[in-house]
Structure formats: structure tokens, C-alpha cells
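Shared between the two complexes below is chain A, which pairs with chain B and chain C, respectively.
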Partner chain A sequence: MSQLGIVYALLGAAVAVFLSGAGSALGVGVAGQAASGVVSEDPSKFAKVLILQLLPGTQGLYGLIIGFVTLSKIGLLGGGAAEVSVQTGLLILAACLPIGIVGLISGRSQGKTAAAAIGIIAKKPDQFGKAMLFPAMVETYAILALLISFLAVSAIQI
Partner chain B sequence: MAVLQMQRMSICALKKDRKAILEKLQSMGVMEINHVLEEDEDFRRMDTANARLSFDKAAASADQALDILQQYAPVKQSLLSSLAGKDLIDKERFQTVIENKDELLKTAKRIQMLDKEKAELRANILKIENSIESLMPWQKLDVPMNFLGTAHMAMIPGTMPGMLTLENIYSMLAQQSPDLEVDVHIISAEQDTTYLTVFCLKKDAAQAEETLRSIGFAKPSLIIDQVPSKAKEEMEAEISGIQERIAAIEKEVIDSAVNREGLKLLADYYRVRAEKYDVLGQLPQSERTFLISGYVPTKEVSKVQKALTDKYDCVVDVEELKEDEEAPVLLKNNKFASSAEGILEAFGLPGKGELDPTAIMSVFYVFLFGLMLSDAAYGAIVSIVCGILILKFPRMGKGMKTSIQLFFWCGISTLFWGIMFGGYFGDVINVVSKTFFGHEVGIPAVWFVPLDEPMKLLIYSMLFGVIHLFTGLGIKGYMCLKDKKYMDFFCDVVLWYMLLVGLLIMLIPSDIFASIAQTSIVFPPAVNALGKGLAIVGAIGILLMSGRANKNFGLRIALGAYDLYNVSGWLSDVLSYSRLLALGLATGVIASVVNQMGSMGGKSVFGAIVFIFAFIVGHTFNIAINLLGAYVHTNRLQYVEFFGKFYEGGGRAFNPFKENTKYADIKEETNL
Partner chain C sequence: MNDLEYTYAVARIRALETSLISSTDIERLMACQDEEQCLQFLSEKGWGDGTGSMDASAMLTREEEKTWEVIDDVAPDLSVFDVLSYPKLYHNLKAAIKEVCTEMENKNIFYDDCAIPGKEMLSIIQNKEFGRLPGKMGEAAQEAYETLLHTRDGQLCDVIVDRAALDAIYEAGQKADDEIIRNYAESTVAIADIKIAVRSQKTAKSLDFMKRAMAPCQSVNVDQLAKAAASGMDAIREYLLGTTYAEGAQALEDSPSAFERWCDNRMMETIRPQKYNSFSVGPLVAYALARENEIKTVRIILTGKQNEFPDEAIRERIREMYV
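Coming up: the complex of A and B.
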């Protein structure tokens, strides 16, 4: 029974990476479709729409950060896995949930916002600064989730 | 740090100097034409639309010729060439080129014509090739296809569907009309078509055709009056003739590539003239005189006055702008601050009565950007790359140049923060020394390592946030004072400062703060009391004064309470600065993921190769993605949190009448 602790911990890392990664994949995908439409009309806007398309990609990176910190915390990266009690394992799993869930939802929403912002670039290319701001608003919540996940994971004693 | 003061300048001069004065103004490029005068019986506007259109057309024609030249004789352009900016051309050189402008325009037309001819010839070749294709099955026929036969015999060429043998055809014919006598020759047969000729007596020809049609026989789509094989040869000869012509055209176009520079100048020349005529069309003109009116930055006024009154008979009248007139905005900042002008422009230029926040913003921008990226090596790379670009392309376009300058400064700030936090490609020194040399060494952080003490950096992030926001509120106060709105200054700025400072003083000794900061700070009781007092006075003041524009007392209090609710806005604004920590961590952790992956090959030659590969790919990716992140989120902190406190924007950019060229700048007196 006591060996299950590390399983929960690893599940936490997996949840952080796959949920937020999935959110980013959805978001970047939606934004990419809009970006392709704009570039097919006017290839000179490539650089601008590419930046906007990349914006929802950060959630996946945040998930990666939490996954990586968790893995190194439980010693899976160094080779010798640490003794993790069931309670600690579940703690780590809980700590990973914010970035996983918020990453999934915010990645998706940010993708939609980025697609709409790409529409701004299509019509008013000089309004890039403002267009970039709308997706960045969504990202705030992913950043907050990242912070809590990070602080929680690093606060758990093993 | 300023929005340049504008004045209205009106020039009245004689028509004979019109061209010279317009050209002078255009080359100085310091005046935005703006006419307030209506047309009346003395002053009329000239219709220049036609002239302008013809100049635009000429410029477009030169542009098109240049595009064609680029297709035929491409000039290699490196990826960075877009940074190079416009060439600088001597005025004499420009004049000599423009003296031949008719010749050059002819060349441009000729190039376009040749290109068109080539396209037509290409289409011709395709047509002929199609004919050859349809003649191919008839190659074995050694009489012309429209051969009518001899005195008594008729020849009927045609096709039948399907791959048929003589036997098939004869049996089909026998079924249809057993007594018909014909001689069938199969010329060639393909998968789904058989090509054949049928011979019969002339008197039977009509019957034979009728019968043949009933079994699916059809006349060939293309009938030529030549032996097919010969016709094919002739067509091939024609194609090679056309190809020679195309080669000749290509050569001629490539030879005219020497005119490339001339064409560029020509395009610019016509573009400038079109603009001049556009302005000319706006000028009110009487029989002998004309008027120009527009905005000129105050510091340029005397220069323009001198340039005009010395040479020409004219009256130059300068007046201050009227109260309700919205002047175009031109910013003037020192070298460091001006690099952030692009960031401000992206949000919006200062509106009427607002001051230019670029100088203050640029300091915060660079500071916060470095904190978000916070890796010494990344910062050094960014600065070095930007520095090289600036040195290598001194004539870069203005917008591009300011952004690259800004990133140069941001790189230096990143370098500074990287040294403070001990980040050099993440933890590459530790990983390399441990993996390849056996014992771990590293450069210790000058300040502290955020990964080990995230709470500490979180507190500092919010502290920087509070400073940033208070600066914003301070600017609002300054603007109120400048406009002599002392009441607004006290109610909207001073009271808020009191409330917020009071709340901060109350918060710092509390348990929540102590658990976050992991140290408890104890103020002397007097300070605590002061904090409470400030907060209470501030809160009551805001409650009473925010709705002061309203006469109704109940509504006034309600508005005040609503404004007090903005405390939560301040809280979320300050919390927003926690992204400084999060993005800094993101850079560091992803960098160590890269290093970790690289070191998995272990201590061997193979391991080293894996490491170098992972290092280059991984860190390039990390720099790119985190540069983007830092850029976006620094902008956000400026636009939403900082500007939210005092700045609205909405100004209109100064758009002077100048030589808007595309390819080259003509050397003359420097502009602004």
C-alpha cells in the first residue's frame, strides 16, 4: 500500500503536463487556423500572426515546469526514487491540479481569443499592440495557477 | 520626455514660387498640411487629381518593372536585408537619373511589354503542344488528313471508341449493312480509342459514313491539310522558333537590369511628385497668390521661416493653436527613452492635454523585462545580436531601429538580473561540470536563487508592482496639478495614497504577510496607529468625495462606496505582478530541463555530442519562447496596470508633408 505514494506523485506530474499540454494544443490549433487564413490573403503578416498563434502555447510550458519540478522532487530524474508516503503522494497530486485544469481551460480560451486577435491583424495590422493584449489577459490565470502549483509542490516536504 | 509643441503656420506667397516653395517644404518634411480655409470666389482649389493619377500610374509602372526584373534577374537578398533600410543617394546622382526620366519610363514600359509578350508566347506554345498531342496517333498516316481519295475511291478518317481489331470492325459493319464494301485500315489503337481510315467507292461514301456512325465512328476533332508527321515537324519547328524568341526576350529583360537603380529612383520620383500634387490640390489659390497652412513643431518654426522668407516673396504667419484644436502628436525623447516610443505608439499616442509617459515607462519596461527573462547568458545574447544589427545596418527603418534598440537595453537588464539570480543558460555550468568533469561547480547568485526562495521573489515582485503603480498614480497627480485641478488632485490622488499606504502599513505586521515573507516585521506602535489613521481618513475621504460631481447626497455616497471598492482593483493589480516571478521561473526551469536532457548521454564523446545538440536546439527554443513571453507580459503590465492608473492615449500621429520614398533617401538637409 505504501508504494502507491510515488504513483500518486507521478500521476500529479502527468496531470500537470497532459492537461495543460492538451489545452495549449487546442489553443494553438484554433489560433493556427485563423493565422493560416490571414497569411493566405497577405503573407507579409506572417510574423505578427505567428506571435499571436504562439501565445496560447505557454500553458503547455507551465505544465512542463510543474511536471519537471515534481519529477525532480520525487527523485525520479536522478534514478533513485524517494520514499513517498500515500499522504505525500496525494498532496503532490493535489498541488499539480491547478496548472493542469486551469492550463487546459485557459489554453483553449486563449486560443479562441488569439484567433479573434488575429482577425484584428487581418483588418488593422497597425493595432498589433492591442491585439496582443487580449490573449495575454487570459494567460494571467494560467500564470496564477502556475504560481500556486509551483509554490505548493516546492513546499511539500519529502 | 515631451510631446512637441505645435504651432499653426500659414504661408502666403506668389504663384510663381509655388513649385519651389512646395518642394522646399517637402524636402524639409516638418509641416503637416491642414487647411481651415473654405473656398470662396477669390481663393479656389486647383484640380490636380488627373496629374496625381498619372504620377501614381508612372510610379506603379516602375514598381512593376522592378518586380519583373526581380523575376528574371533575381538579386540575392539575405534574410536580414529587410533590416538594411533605404539607400542614401546623392542629390546630383538623383538629378542625373531623373533627367532621363522619359527614357527610363520607356524602359519600364518596354519591360512590362516584353513580359506580357512572353506570357502570350508561352500560351502559344501550350496551344501548339496540344495540337501535336492530338496528332500523335495519326503519325503513321502518310497522306494528308483531308485527302479526298482518288477518282473513284473515297477516304474517311475517324476514331472509334475502345481498342478494336480489324476483325471487330468488319464484323460490326457486316451486322449493320452486309452488302457494304469497305476497306478499313487501323492507324493506331489505344486503350480507349482506335484511329482508323476507311476506304470505299465514292458512290458508297454516304452510305458508308451512315453505317460507320451507327457503330460509333466519329470524325477526328482536328483535321489538317498536311501529312500528320510533316505537320508535327513543322509545329515543332514553330515551337523552337517561339522558344528562341522567349530566350531573346529574357535576355533583353536581363540586359535591362542595369536600369534597376534608375527605375527605383524613378518610382520614388513619381511617388514624391504625386504627393506634392496631392498637397497642391488642397491649396487655396487666387489669381497671383496661394496659401499653405499647417502644423509645424515650434522648434522648427524659425528654420522654416528663415528658409522661406530669405529666398521668396512671401508672408509667413505663425500662431498658437486654438483651444479646441487637436494638434498632431510628435514625441521627443532622449536616446534611451525614445527606444520605447514604439511601445507607447502601439497603445496610443498621448491625447490632448496628456503628457508623454515614455521616459518613465521606458525605465520600468527595461527593468521588468529583465526580471522576467532573468538569465545572464540569454541577456548577453540578445544584447550582442541587437548591438551587431544596429552597427551593421545603420540605415535601418526607424520603427525597426527603435525596437531593436529597446531589446538591446532589455538584454542588458536581463544580463543584470541573470547575474543577480545566478542564471547562466539555467544551470548549465553545474550540469556540465557534474556530468563531464565529475565535480559540481557553479557561479553563485549575487542576490539569491529564485528557485530556492520563490516566496522571497514573490514579495519583491509585488513590491516592484506597488512602486510601478504608485508612480502611475503620481503621474496622474502631476497632471492634475499641471491643469490646476487641485480638488481632483486631493480627492483622486492624495486620498488614495493615504488609503493604500495605510493599508500597507496595516498589512505588513500581520500574520498573513509574515507567513508569506517568512519573516515577521514589527513596526513601532506609533507607525501602526499612523497606518490605521491614514487608512481610515483615506477611506472616509474617498467615500465622501468621489461622487462630488453629484448634488444628490445619497447618490454621492453610493458613488463613493463604489469607488472605494476599487481597492480590490488595486489588489488584483498588485497580484498581477506575480507574473514577474512565474516568468522568471519558467525561463530557469525550462533551461534546466534542456540541460538535464542534454546530460542524459553521460560522460562520453557521444554524450558530449548529444549535449551540444540539445544545448543549441533547446536554448534557442527557450530564448525565443521566453522573449515572446517577456515582451507580451511586460507590455501588459505597462498597458493595463500602469497606464490604467493615469493614461488614456488617443492622440493622432504627426504626419508631415515629406518625401515618402520607397527605395532611396535623397541626401539633403536632415529632417527632424
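Coming up: the complex of A and C.
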């Protein structure tokens, strides 16, 4: 039964990394397509559209942070796995869910918003600041989810 | 098709929209002294083949080709654009029927940038292979061919083919998944019906003729419109005031060219929301129509300048731009 506890905890780390990483991959992919469209017509806008393309990439990093914290918590990074009860394992899994789920949804949504903002750069490159704000708004919710996942994983006693 | 499939294409179109002709460019064209100055301005804006040639017709033809080269390049699915080439396709059918029936050869009367280019269409009509034509086009072709052959009535032949074209556009719109194609089809057919009503009223055509020529659609009741046209221009205006085409009534009151201008402006109005759409095929269709509109407007200005028309006469015919 004690083995099942660490399996749940590892599943939590996997959910955080996998879902938020998938969200970022989708988001960066969509924004990248839009960026390629603009650069194929006007290569001088490369730097500006690249920044917008990278914005949805942060969710993957947040998931990675939670994944690291979780692995560190259960002692897997130190070389020796801690004794994790099923209840604690499930608690860790639950703590990892916010960044996983919000990371997936916000990454995808931020990618679409970034693609739309790249359209602003295509037509009005001088409005870069405003264009960046729209996808940045989506980031707020990924940060909130990161915060909750981080606090929750940190608070669990092993 | 998933709207996200168009992300690359829409972004590229957004970048290209910056080089579309704006209202300011139109003012600058109007300020040019003559056709040569206009061509010089357009050439500096990147129009033409880049060799600096000042042949207006070649420049406009090259611009039409460029539009479709872009669409060919960026669109993941070209079949969506078929409906835009229906007017050219049915024009080819009309031209081929007339050429075969009159046994007269004419140069440059066919379009080659559509599903069935001129040469192939001519061969289909010459060999009476109407079954090779898509959908209901074959039936219309056979009817128009036999009508022209037996009655020698060119106008009746035109009415049959034009009606078939409108029906095909409307049917394609009904079947389309994309809202812009549905709106395009609805606007095209409705505006064509209104044009038929106005022209029929001016030439005193019968109610039966109008009903034969008009294609049914959602936003215009063809029976009521035809009856209004049979009663007079005021009745057409009155009928239009009760539809979504009320502005057309005002344009009709102003002048025939103001009405023609309104017809094209109405299409621009239909596609304008696509400027704010970042996904889907909408912005691509809007770009193709916007280019068509600007080429038409530039042609009007060049023709006006070439023939030394007064500025007011040209200005009355200038269409609203997409950007």
C-alpha cells in the first residue's frame, strides 16, 4: 500500500508537467503559425512576434516547477524515496491538479490570443505594448494556479 | 475544417492587408493629373509585374493573378473559394455557347482562372458534352444552348445562364460551413435580384421575365420584388425600405451609378467584420473580395482619367475600400 502512495504522488508530478506542458506546446504552436505568417511577408517583425509566440510557453515552466517541488518533496531527487501514505499521495496529486488543468487550458487560450495579437503587429507594429497586454492577461490565471499548487504541495507534511 | 488550421494564412493575410489600397490612396489617385500619373503611383505601390510597364490592362490583370497566387499559397483548402469563381465559370459558359451558336471566333472573351477554362468549356459546348459540367450547370447549358440555337435570343440565353449562376452561388452558400460564404452567397444573390428588378423596370420587362431571371433567397422576396418592379421605381424603393437593403433605396433615388456603387459597398460591408477575425477562412475570402473591389475601383479611376471624365463623375463611382 505504501508503494501506491508514491505512485499517486508521482502521478501528481506527471499531471503538472504533462498537462501544462501540453497547453504550452499547443499555445506556442498556434502562435508560431501566426508568427510564421507575418514573418514570411515582413521579416523585420521577427523579434516582436517571437516575444508574443513565447508568452504561452510559461505554463510549461510552471508545471515543471511544481513537478520539481513534488519530486523534491517525496525525496526522489535526493536519491531515496520517502515513505508516502496513500492519503498523502492523493493529497499531492490533488495539489498538482490546479497547475495541470489551468496550465492546459490557459496555454491553449493564450496561444490563440497571442496569434490574434500577432495580427495587431502585422498591421500596426507600433502598438506592440498593447498587443502584448492581451495575451499577458491570460497569464494571470496560470500564475494563480501555480501559486495554489505550490502552496498546497509545500504544505503537505510527509 | 478546424478554424485554427487557418492561423498561418490569416496572419499572412493581415500582413498583406497593409498593402491594400486605402481611401487615402484613392484620394491620391484622384489627385493625379492623368492616367500615366496614376499608373506611376500604382507602380510605386508595387502594382504590376515589377518591370515598370505602364500598360493599365496588363497591370490590372497581373494584380488579379497575384491575388489568387496568394490564396493558392496560403489556403489549406481551396474548394472553399470555388463559389467566388462561379461568376467567371458561368461567364465562360455564356461565351462558349454564343461562340458555338454564332460560329464566330472572338479573342480574349474567356477567363482561365476558374474550374473550367475557356478552351475546355468551348470543347464541351462544341461536342455537346453537357454531362461533363458540374451540378445543375449541364442542364442550364443545354437549355441555354438550345434556346439560342432555336430563337437566336441572346438575352434569353443570358438570363438562363445567369439564373443558373445565381442558383449555384446560393446553393453553395447554403451548403457552406463558413459563415462568410453563406453571407457572401446571400448578399450576391439578393443584390443581383435587386439589380435585375431595377434594370427590368427601366427596360419595361414583363413580370414573367423578372421571375425567370431572379433567384430566390432569404433576404429578398422575389415575387414581391418582381411585382414592385412591374409597378415602377417608386415601388422598388418602397419594397427595399422594408428589407435589410434600405440604403439601396436611397442610392436608387440618387442616381444609377450611385446604386451600382451601393451594390459593391454592400458587399464590403458584409465582409468588413473579417478584419477582426483572427482564425477561420473568413479573412482569406474577405481579402480576395477586397482585392477584387480595389482592382475594380482602380479600373474605374483609370478609365475615367483616360477619357478625361470630370472628377465628380469618377468620384460618384468610387467604391468604399475594405481597409
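Please note the rule applied: the second predicted complex is superposed on the first by the 158 of 158 C-alpha atoms of A that agree within 3 Å, B and C clash if a C-alpha of one lies under 4 Å from a C-alpha of the other, contacts with A are read in each partner's own complex, and residues count from 1 in each chain.
By our rule, contacts are C-beta pairs under 8 Å (C-beta built on N, C-alpha and C of every residue); 3 or more make two chains touch, one makes a residue touch a chain.
Predicted model only: the values in this text are computed from it and were never measured.
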| item | value |
| --- | --- |
| When chain B and chain C are modelled together on chain A, clash or fit | fit |
| Which superposed partner A:Gly57 touches (first chain B, second chain C, both, neither) | first |
| Vertex chain A angle, Cα centres of chain C and chain B, expressed to the nearest 10 degrees | 50 |
| First (chain B), second (chain C), both or neither touched by A:Leu133 | first |
| Partner chain(s) touched by A:Val7 [first = chain B, second = chain C, both, neither] | neither |
| Touching partner for A:Ser40 - first (chain B), second (chain C), both, neither | second |
| Which superposed partner A:Ala115 touches (first chain B, second chain C, both, neither) | second |
| Overlay on chain A, chain C to chain B nearest C-alpha distance, Å | 10 |
| Of all residues in chain C, those that touch chain A in their complex | 4, 7-18, 74, 278-279 |
| Contact set on chain A toward chain B in their complex | 51, 54-55, 57-58, 61-62, 64-65, 68-69, 77, 127-130, 132-133, 136-137, 139-140, 143-144, 146-147, 150-151, 154 |
| For the chain B and chain A complex, residues of the former touching the latter | 343, 345-347, 451, 454-455, 458, 575-576, 578-579, 581-583, 585-586, 589-590, 592-593, 596, 625, 628-629, 632-633, 635-636, 639-640 |
| Residue numbers on chain A that touch chain C, as the complex places them | 30, 33-38, 40-42, 45, 112, 115-116, 118-119, 122-123 |
